[in-house]
Amino acid sequence: MPVYFLEIIVVALGLVMLMIDAFVKLEDKRSIAWLGMIGLAVVFGLLFAVKWPESTDGVFWQFYESGDSFSLYFKGIAIVATFLVLLMATIYTPIVVAQTARPEKDAHPQSGLGEFFALPMFACAGLMWMASANNLVSIFVSLETVTISFYIMVAYLRRNVGSLEAGVKYLILGALSTAFLVYGFAWLFGITGTMQLDGIKEALTSSDVNVTAALFAFALILVSLAFKVGGAPFHFWIPDVYQGAPTPITAFLSVGSKAAGFLVLLRLISPFLASDALVGKVTVVLGAIAFLTLLIGNLAALPQKNFKRLLAYSSVAHAGFLLMALACTPRASETAAGTSPAQVIAFYLGAYLLMTLLAFLVVTVIRSQMVSEEVDAFRGLAKRSPFLSLALLFAMASLAGIPLTAGFVGKFLVFKLAIEQEQWFLLVVGLIGAAAGFYYYLKIAASMYLATPAKDASTEPLQATMLTKTIMVILMVAIIVAGIAPNVIMGLFS
Amino acid sequence: MESAITLNHFLLVSGILFAIGLAGVLVRRNLIVIFMCLELMLAAANLTLVAFSRFNPVDGQPNYEGHVLLFFIITVAAAEVAVGLAIIVALFRSRETTDVTKINSMKY
Amino acid sequence: MTFLFYIFAALALIGGIGVVVNRNPVSAAFAMIVSFLGLAALFIQLDAYLVGILQILVYAGAIMVLFVFIIMLLDVEEEEKRRFPIIGITSSFGVAIAFTLLVSVILKRSEIGAKPLPKLAEVSGPGSSDVHRIGEMLFSQYWFPIQIVGVLLLVATVGVIVLSKKELR
Amino acid sequence: MLEIIVFLPILAALAIGLGAPARFTALGAAVITLILSLVAAIQFESNVEGMFQMGSDRPLLVMDGFPTLSLSFGVDGISLVLLLLSTLVLVAAVLVSPQESEIKGSSKLYYSSLLLIGGGAIGAFLSTDLFFLYAFHELALIPTFLMIGIFGKGEDRVKTAWTITIYLGVGSLILLVGLIMAVVGLGGTTFQIAELIAIAEDPESGIAAGDQTWIYLLLLIGFGILVSLFPFHSWAAPAYSQAPTPVAMLHAGVLKKFGLYGLIRIALPILPAGAESLANVVLILLLGNIIYLGLVTIAQKSLDRMLGYSSVMHMGYVFLGIVAANSIGVSGAVLLMFAHGVSIALLFALCGWMRDHFGTVKFEELGGIASKLPKLGLLFGFAAFAAAGLPGFANFAAEVAVFFGAFSGMGDQLGWIQWTTIIALWGVVISAVYMLRAYRNLFMGPVAPKMEIPTDLSWSTRLPLLLLLAALVAVGFVPELLNQFIRPGVDGLLPAVAG
Amino acid sequence: MDVNTLAWTVLLLPLFVAVSIVVGLKRWSGLSSLVSTGSALITLICCALMAGAEGDAKAFPWIELGTFRVDIGFQLDHLSKGMMLIVTSIGFLVHLFSLAYMKDDNGKSRYFAGLSLFMFSMTGIVLADNFVMMFIFWELVGVSSYILIGHWFHKESAADAAKKAFLTNKIGDFGFMIGILMVWILTGSIYFEEIKEAVGGGLNMTLLNIAVLLVFCGAIGKSAQLPLHVWLPDAMEGPTPVSALIHAATMVAAGVFMLARVVFLIEAAEMAAQVIAWIGAVTALVAALMALQQNDIKRILAYSTLSQLGYMVMAQGIGTPEGSDAGMFHLYTHAFFKALLFLGSGAVIYACHHEQDIWKMGGLRKKMPITFWTFALGTAALIAVPFTSGFWSKELILEEALHEGMHGPYVLAIIVAFLTPFYMTRLVIVAFFGKNRSDNADHAKEVGPIMWVPLAILAFMAIFSAYKPISGLLLANGYGSFGHLVEHFGLTAILSIIALIVGVAGAIFFYKGKDSDPINIPIFANRFKIDEFYIVLVRVFQDAVAAFLDIADRFIVDPIVARFPALSAMAAGQFLRVFQVGNVQAYAYFFGVAVLALIFYLIL
């Protein structure tokens, strides 16, 4: 099957879901989500049946990367993320229903829910396109598709002030970054005269490249992409938006948007890194951003008390590690021994997906049955719901980078890269960050296992469906397996 | 001969316009106006794009790829404005304000 | 030619400044339209007729109308005067001015733009207009992004509906 | 077979999590690993080419430009001794654990954490791949955190759990960096320890002396934190005094040895020049352990803290053997690791029993116990004498070897290490002082007035303790029992070491 | 039986007995005591057999690491064989005596296990052919001494005494171990025979002197020489038979034995030899002075032991094989008569219901005639009445000292020869003559045969052990003969006989018929306040420093190394949060500034 069918199927699925929502009377609109999940599962399976074309002469391939297992891998990440987001969305349904408008008398009690399930599908398609985009135009449009869907999804809870506030913040800053991106694209186009990444690379690596202008373009593009992935000091939106957004969407943001953002960052920056005239300053800047990101993300997470905010800072922190890997790109003139940053980033993102989504899945289950998202609300959870606590413990252990989990392998690879490239400053701050990570991730574990529950807290076990539990187990196993045998993930793209 | 208009002129105008937009984003407090300023920044970027297309011709014609990108930018901007205004309206409905400094319930 | 450039550039910039300094949102919107008109004229001066027209039709026409409409709808009032504006405003303007300076420095250093307007080859006949060319490119070469934009617009539509559905109070 | 030894405890932990009877499963798994490790000791051959025996290898990450990660296990004499230590202490630790019904909280969590701690240590000692050597050790981090935090004794248990976890976490991170630097410095082509050592021994491919110092410093700090080398020791005493008894036994007895094992197994052979250039620094630090912490130990007012500090103090002697970097000293260090592991586990077990039954282990609140509970008194006496390094117990043989190792190689002058040894010998007096004071205060003299008198140790309680004691005495009388393994192991490692 | 079997039997049988008592027999205390006594008898027989036999025993490799190798091996020469005879014979007698003395004790099994363990350890020291093995058993002797002193551990004083004895010994052992290490690196060996050969070659004399002195530290500790003598008087808290065996006859003599074993080292190191001789002599003097004013019968004997040990050490310090032999000779004779005196005092104490103050005894001569007469014979030997064993051996030491030109120590030794008769006569007069001064003494009656038979045997030995038939077994050549006396009759003999007469007469003059001590010299009674000084030393230099360091560890080291970094990270986190003001424009502002900075760096 041709590779571009994948997105088409996903979009079609999304449309079908919208149609069903509009025209079919459903008792429980969650069926729409189930449909979407089944569809996504099928698409995920189809990923392994993809055929690459013999020739890529057609106009289409100008916009669509070909023969690249990397892009398939990122599509996979997008699909898995969306799948889990839909799952979370079904769990989160009661809150969505309560927080959106109360419908007219004769309307469906779950009015407005169908779109909540359908929008992630379009975002997913956008992410998948992003994964394959190899042209400024296609990058721009797919990126914007994702961004605009996220504006909507973040602000989805119309009756919830937090959600709307998050939406506005995201909107303003997102648009700002888009403006910078566009300006940067304009300059890049001006310097190279082409929209093709291949052409851009060729132009930038030629000896008569206009260094000043190229660096200016680089700065503008970097700024906006750093914004997307949450690099400091462009990360300020993240905690606020993560906190306000509906929990499944927060998960989606932190994984899908970040993964795609990093892939685009890799794609757009690699021409600059390939140019000997530019690479020096470029890596310094990347290093500086990574440095700040690591520092701020990890340290500011230490005092956090709201769980989603904590995960937001954690997301920043992990962006720091990823940027650290990126900053450790070997110079083109050196023979690239060891792992390439791209591989490391890809692995890291895969691991990050597993652990973050597991964490969010648990949190969604908890949030759907408890009012608070404060860390203190988890007190004594271990006795109340041992399984959920264990799952969250796994997620936290992996995020903290405890060995034999996927998270550790990711950090290990990043550190190795930094040592190979002798990036000592980054290494030190990375260490500080990882150490801080032990604290703030284990804080959750401590709250669940060590603290006594509040006096008035319920002792009823939290409910989770069999499917949810199964998926949690799958994620836990995946975290461990990827931690012991990284080949399982690495094999997907190398 | 009069001093010719160079690419620099256009780029500078676009840069200044971009900066004006940025300044607007930073100083205005009305969400809608801020959003307008963001559009202004996009428009400024457009000018750069067109200027580059025109000054770096291909086969004696402007590089129309830039124009095409601009077309997409305008489209996307329109969609963004629609969505953005919808969000702002929704926020106004629940908060009765469009003052950006009052939208800070989540922090630290 | 040069004269016109300065006129229109000034128009665009003054319009822009008008957006920033007008405390009344409606005035700001109108200033924005002025700025866009100036920009459109600059586009046309760059032989980008389609783009210039689009700028007027879409931006100045559609989008700004939307803005004004919303401003009217929400009955937004003038911004209050800030209590401690000096530091915030100065530093914000400082950022903008610094950005401008940097751009000018870049222009000077890079010497990328130190070239006069190149002459275009004389082409005539059907299909020689830029509308034609761009249209052809969009719908042949760029069909794929167009499709994506289609999805984007769909999403935006759905989103706007979802977000502003009628609500019982 | 080694894979079975490594994974049996871990799988048993999993099984307990899935609902297997906790104590029974844990005990079964621990006993089987002990038996299997004894079998491994019997099958071990002293005169075999190659560094590791009974090896197994499963490549898990094969990637271009990246050294293969493989789950590979093997034993040499050193790791065999530590394997025996781990399995022995694990069995004892499981045996002294409270019955399932007595555990407030989850007995599943209790026993599976224990098994994970033990299994992690075993895995670390048996891994021949650097990555997994490191990774297995960290397996214990979270279980320890939970165990101390949930089941620990005392008000401060949560704080203590935090301290130990963060402290050791930081140590491991520093260590990780050091290890990666070493691997990268050696060409970054392999994680197999044996291959790394071979590369390091080749003068052309070894690491430059200047770099070695830095890497050794990192390893020293990293491993040092894990071993509670002065001044990175402040986590140890509170943690051990508040941890549940089996955790204190496993951690102080077994897990802590990982850092020393790492120094011997990795740092010494790969970074001989680094070890040499930093030898004097280590000497000063180890005196910090022996003298400074020895005196601090004397000042303690309760048994649990005293034992915690004493465990830290004795690490200094192991470091002395390591700094000596000759076959006598290093062998002595390995032997001391075993001896100290067993004896401190024994002491913690007794201390835990006392804490459970008297409700306190403060010196001033207890006294004259031996009059009422002679069995306890006798066992504690043995344990205390062992820990104080008296002949007849393994500790003595090991310490003697360490001292001789450290002293050898002197000409007509006393060098740094000899002076250090002389000062360190005073530590023997110090440890006798605090051990005897403790014994005097707790067991001798008139019976303390307010003390409740429980019944004496039962057979089932004594069994694990006697097991440990028997190991101590056997090795003490016939050190060759372990020496036969240690000797070829150390000889295999040390050709790289100068001197 | 060949020598190998004998040697191993002698070594291991007591261990086996000790272990079996601990493991299983302890429930049947009578059986335990009998087994233990029986094993003592067997070892005595074995030693007797071994003394006459020729041949070597096989060594057992204990530890082997590279060039370092320690065997459990035997050096069977006259020295060790003779010493073994002393140890086992006195050991057996003490076992026998204890059967009665400890008849009703609750911890009888433990007591006999301790005795057996002691026999094992002492045998190890005597038979060792290398330093490390000696050190092993050296420490074990300390352990068994600890166990036995602390036998009545529920008494505070006994518990403290046991601890004190052990720790004081440990301090000596600290030096001993360093000495061993230094000898090892100097000579490359820990085996006595190999060291002896190596000493012949040129060695670094400074280091050798230091090494020998350090080795001597071990002897200082074990033989309770100044300044580590403080533990021995306190050790009298143990059961009296223990005092007889361990703290009079054997263990404390181990230090002397060790010096005799390595006399070739002392010979080579002249400086060290001088120091050893002086320390021995000073100890003899100081201990004798302290003995003058003690009231506890066992303590008097303890100080007397110290004093006599001083003689022996001084003899080793002479640094010649002859001097060493003289020291050993005195060791042997002293072992018998001092064991006798202790057991005799034990009998007295036993009869007086554990009353130890001599001023509360009196008039026991009539009530306990056997005890009195044996005790008197022992005293005679101790105060060197001519023709008793003590006379011969002390004479020999003094002569050798004079002969080798050790004038200083010689003078001190002569002074001691005045003091010894004085305080011993005081003891006998106060305890056995006069009238009963307490109820306990009033009710005293003669002890049973199990107790007095050992006394009688020892009394015999106290007189005659210096004569050839017996001393020939113990030493290469016995000395006690008239011919010898005539041959060497000179200054020394005259002086010591004068000293004897003056001392005895003085004591009779002062103490005859007195009910309380007419002489009062507090500084002697307070033992020169050395114990108090040590207590202060320990409090200040150990406990205070330790307490200070404990506080420092909690409030300085831990905060600096751990808490401060952690807190500063947390503070940094709090600080970084401040930027997260929640206002979108602020974020945009940061965004803008960052962009500027970025561009500024990249372009300029």
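As written, the chain order gives the labels A, B, C, D and E, with residue 1 at the start of each chain.
In this text, a contact is a pair of C-beta atoms (placed from the backbone, for glycine too) under 8 Å apart; a residue touches a chain by one contact, two chains touch by 3 or more.
Computed from a prediction, not measured in an experiment: that's the story for all the values here.
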Contacts common to chain A and chain C (chain labels): B, E
Label of the chain whose CA centroid is most distant from the centroid of chain C: E
Pair sharing more residue contacts (C-beta pairs) when B-C is set against A-E: B-C
Chain at maximum distance from chain A, centres defined as averaged CA atoms: E
Centre-most chain, if every chain is reduced to its averaged C-alpha atoms: D
Approximate Å spacing (C-alpha centroids) for the pair chain C, chain E: 102
Chain centre separation (chain C, chain D; CA means) in Å: 70
Computed distance of Cα centres, chain D from chain A, in Å: 42
Centre distance in Å when chain D and chain E are each reduced to the mean of their C-alpha atoms: 36
Touching two or more other chains - residue numbers and ranges from chain D: 166
Multi-chain contact residues (two or more partners), chain C: 92, 95-96, 99, 106, 109, 112, 142, 145, 149, 152, 155-156, 159, 163, 167
Sequence positions of chain E contacting 2 or more other chains: 566, 577, 580, 582, 584, 588-589, 592-593, 595, 599, 603
Contacting chain pairs - touch in the sense defined above: A-B, A-C, A-D, A-E, B-C, B-E, C-E, D-E
Chain A - residues contacting chain B, complex: 136-137, 140-141, 144, 148, 151-152, 155, 158-159, 161-162, 164-169, 171-172, 175-176, 178-179, 182-183, 185-187, 189-190, 193-195, 239-240, 243-244
Residue ranges of chain E touching chain B (in the complex, touch as defined): 577-578, 580-585, 588-589, 592
Contact set on chain B toward chain C in their complex: 2-13, 15-24, 26-30, 32-33, 35-37, 39-40, 43, 46-47, 50-51, 53-55, 57, 59-62, 64-65, 67-68, 70-72, 74-83, 85-90, 92-93, 98-99
Contact set on chain A toward chain D in their complex: 336-340, 343, 382-383, 386, 390, 393, 397, 400, 402-404, 408, 412, 415-416, 419-420, 427, 431, 434-435, 438-439, 442, 445-446, 449-451, 483-487, 490, 494
Residue numbers on chain C that touch chain B, as the complex places them: 1-2, 5, 9, 12-13, 16-17, 19-20, 25, 28-29, 32, 35-36, 39, 42-43, 46-48, 50-51, 54-55, 58-59, 62-63, 66-67, 70-71, 73-74, 76, 79, 82, 88-89, 92-93, 95-97, 99-100, 103-104, 107, 112-121, 123, 130, 133-134, 137-138, 142, 145, 149, 152-153, 155-157, 159-160, 163-164, 167
